[in-house]
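Chain IDs A, B and C follow the sequence of writing; residue 1 opens each chain.
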Amino acid sequence: MGKKIEIHDFEPKIMAFVCKWCTYSGADLAGTSRMDYSPNVRMIRLPCSGRIDPQFMIKAFEQGADGVIISGCHPGDCHYNEGNYYARRRNTTFRQLMDFHGIDIERIEFSWISAAEAIKWTEVIDAFTEKVRELGRHPQYDDEIVDPYAQFLVQKDQESA
Amino acid sequence: MIEQIRNQARKLLEDGDVDVVIGYAEGSDPSRTTPVFIRKAKDVDKLIYDPRCINSLPLYLNKRHEYTRKGWKKTAIIGKGCDIRAIVQLIAENQLKRDEIYILGVPCEGQVSHPEKWDGSLHDGNRATKCIGCDVMTPHETDFFPGTKPDVDRSSPYEVTSPKVANLMELELDKRFAFWRTDFDRCFKCYACREVCPHCSCNVCITDETTPSWIDPAAHKKGVFSWHLTRAMHLVGRCTGCGECTRACPMDIQVDLFNQRMKEVVQESYSYKPGYSLEDKHPLITYQVDDREDFIK
Amino acid sequence: MKTATLNKSDIGKCIDLLLQSDLRVIAPRLIPRLDEDGTDSIDVLTFTEVDSGDDHQVGEGLLPLNGVKEFLFAKHEPLFAYEKRGKKIEIIPVHHEYPQTVIIGVRPCDAASIASLESVFSDANAGFEDPFFTERRSRTTFVTYSCTAPDASCFCTSVNLAPDSAKGSDLHLTELGDGRLHVEVLTEAGEAVANKLETLLEGEGDQAAREKAGATVHEKLTRLRNSAPIMDWLMDTANFDDEMWERLGEKCIGCGACTFVCPTCHCFDIVDENKGSKGYRIKFWDSCQFDHFTLHASGHNPRDWQFKRYRNRFNCKFKIYPEKFETPGCVGCGRCIRACPVNLDITEYMAEVAHKAANPNAMKADPDFE
């Protein structure tokens, strides 16, 4: 097996906030089954998709993420019975809020992935990475926002002269 | 009409039914009014009501104003329809009990958006946009109403209250972002939008938290975006659209456009209008098994 | 003192001349809005950098929403950067730029506020110099413009200023009413700017017409308060617990709008903004109206309720400032009155104090107040 290593000009940074009962276990299964998936994703494990505060996603973008994945148990399968239902409503509105702010919601992916769906996990990650790679560096959250004081670190020529 | 309100307020205070009447009084210049707390029956003549009374008084019912509220076991409050929606929402969120509040409802024909635009009368040129398409000009939940209260059908969905929301939605993403970027450039994070909101009720706001610091406190673009997105998100399904955040903004940033847009989203997705029912839970703390999930893979 | 006249219509040309000599020019400008704003929007006038002489509102409108404060005392700026490597922390210096700046169209109240800021940030006697402020101050020239139409919230005459005052100004312009401006060169920095505008300046100024124009505007100010007894009354510590503080201040909602728009408010906070193992230590505007402003680490808060915070603001303006720095803490621009969402009016406090000072034995204004 093993994919051919491709070299790209742009490697997107992708944050994944995942539920520990389903998606994280699914990703674990993908790992133990030696499946390949895009290494661009950085995962954070949380107790439930209902624990994913929109603040996390805002923070991820402002720290320079190009895309964010939120994932948890399928409806009806939540370990806490209803956490993913709240997550669903919260994200329905949050996406529209980001859209109104002018941020491309193609960069926020929501997916139900169970502990058995290792293949779905690899597919979602690969497809989303490809999509974000095509979208390119986040044009809205540019360097000025991600690092507001970067300009202050550059010594100007006339000062050094 | 104001005479009837004054008489009722006087009666309530004389009988000891309420400890305080929150209302409007003349402000420090002729185009402004100010909130006033009437504790003695002899002071009720200070109360006024006209199209300059745009302030949302339920703000003072919020638990944040603990000190101002000390000793108020029962409070009477003069409410326009939009203010009463805020009160109803506070009650629905268990921030307030219905029997602690005596609502003196007033009919409303709209309010003047800015004191600078007050010229002695209310007209299309100075009416606040929140008043266009308002369905609570005759208030819904009252304990006292001057005259007879006509029945009003409030089942219809909201109208789009600001043409600007529609305008912004028509723009392309980057243009929309550019609009906010220029507008937010003026923000210096005075938090007037937060303090004036009847529904911001956290004891410690997330932006004041330091361990960890979720929102950068400085007013650079990162901190400002993060603040306004968070503020809007925390008000989804709870904002009753009083527009006070925009009115209070000293730099005239139209922050309530976020809330208005979210109001539409909540209405489309969950057919929910905040501030009309004492029992309904706001949409983000409840769910339906068959909620829309067209965006989920 | 050199005087001259200038045609009002030539201000755009002045700005162009200044831009040509590589100066950064800041002037009041209208912020462009989207179409069909609805009636909720008003014209937003702010001090912003201009890039051509066509786009400015010098002498138009009253006061820009922001003061000139932010061009001397930045809303936020880094002090240094740091990076943690293993157990060592490396401090990385940051480089600020201080371009030569001319701020044109400053109203007299805003110009007078500069002295108040200077006394905090660059008082050599206090043994403290804020390098960012002093560097910016030394490279900034203020071209002031007398007021012609004060509004209902203006009260500069109550704090010993005037709508045509040239205090704190380098170059002062006054409308003479016939399309000409009276130009007063007040400092060396002002003279440097005047030299650049030489081709547009004409002859001698008209001192008599200038005095007359100033006096006419003076009469338009309706909020006249006597601020003379305020400081003495505040100095009496017994009055610190006077009933008026709570009575007038109970409606205050504790937003910082008044302090942020105030041209003399100068409080700031310092935090570390972290990102992984590196970050910046930054300085940014803070407000005494916030509940955590005086919150101690122990949990104790000496200004525990909002009326005490507003009492502090009033004391800061009318007692602490004059006592410590001998400069006025309040310049009467009226921004706090316009910005306040609940119409808490600083001149009402002034009137109340003046009344109490004049009638020391009088009963409380409302004896029934609890």
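Going forward, contacts are C-beta pairs under 8 Å (C-beta built on N, C-alpha and C of every residue); 3 or more make two chains touch, one makes a residue touch a chain.
Here the structure is a predicted model, which means the values were calculated and not measured.
Looking at chain A and chain C, the chains that touch each of them are B. Pairs B-C and A-B differ in how many C-beta pairs touch across them, and the larger number is found at B-C. Between the CA-based centres of chain A and chain C the separation comes to 45 Å, rounded to the whole angstrom. Centre-to-centre separation of chain B and chain C, using mean CA positions: 31 Å. Our note on geometry: chain A versus chain B, Cα centroid distance of 35 Å, whole angstroms. Counting only residues that touch two or more partner chains, chain B has 168, 179, 218, 220. Among the residues of chain A, those in touch with two or more other chains are 149.
Counting partner chains per residue, chain C has residues 282 touching two or more of them.
The part of chain C that touches chain A in the complex is made up of residues 77-78, 81, 92, 94-97, 275, 280, 282. Per the touch definition, chain C reaches chain B in the complex via residues 31, 34-42, 44, 46, 65-66, 70, 75-76, 152-153, 250-251, 253-257, 259-261, 269, 271, 273-274, 282, 284-285, 287, 290, 292, 305-307, 335, 337-339, 341-345, 347-348, 368-370.
Residues 54-55, 58-59, 62, 75-76, 82, 85-86, 88-105, 109-112, 124, 139-140, 144-146, 148-149 of chain A are the ones that touch chain B when the two sit in their complex. Contact residues on chain A toward chain C in their complex (touch as defined above): 63, 147, 149, 152-156, 159. For chain B in complex with chain A, the residues that touch the partner chain are 168-169, 173-180, 206, 214, 218, 220-222, 225-226, 229-230, 232-233, 236-237, 257-258, 261-262, 265-266, 269-270, 283-285, 287-289, 291-293, 295-297.
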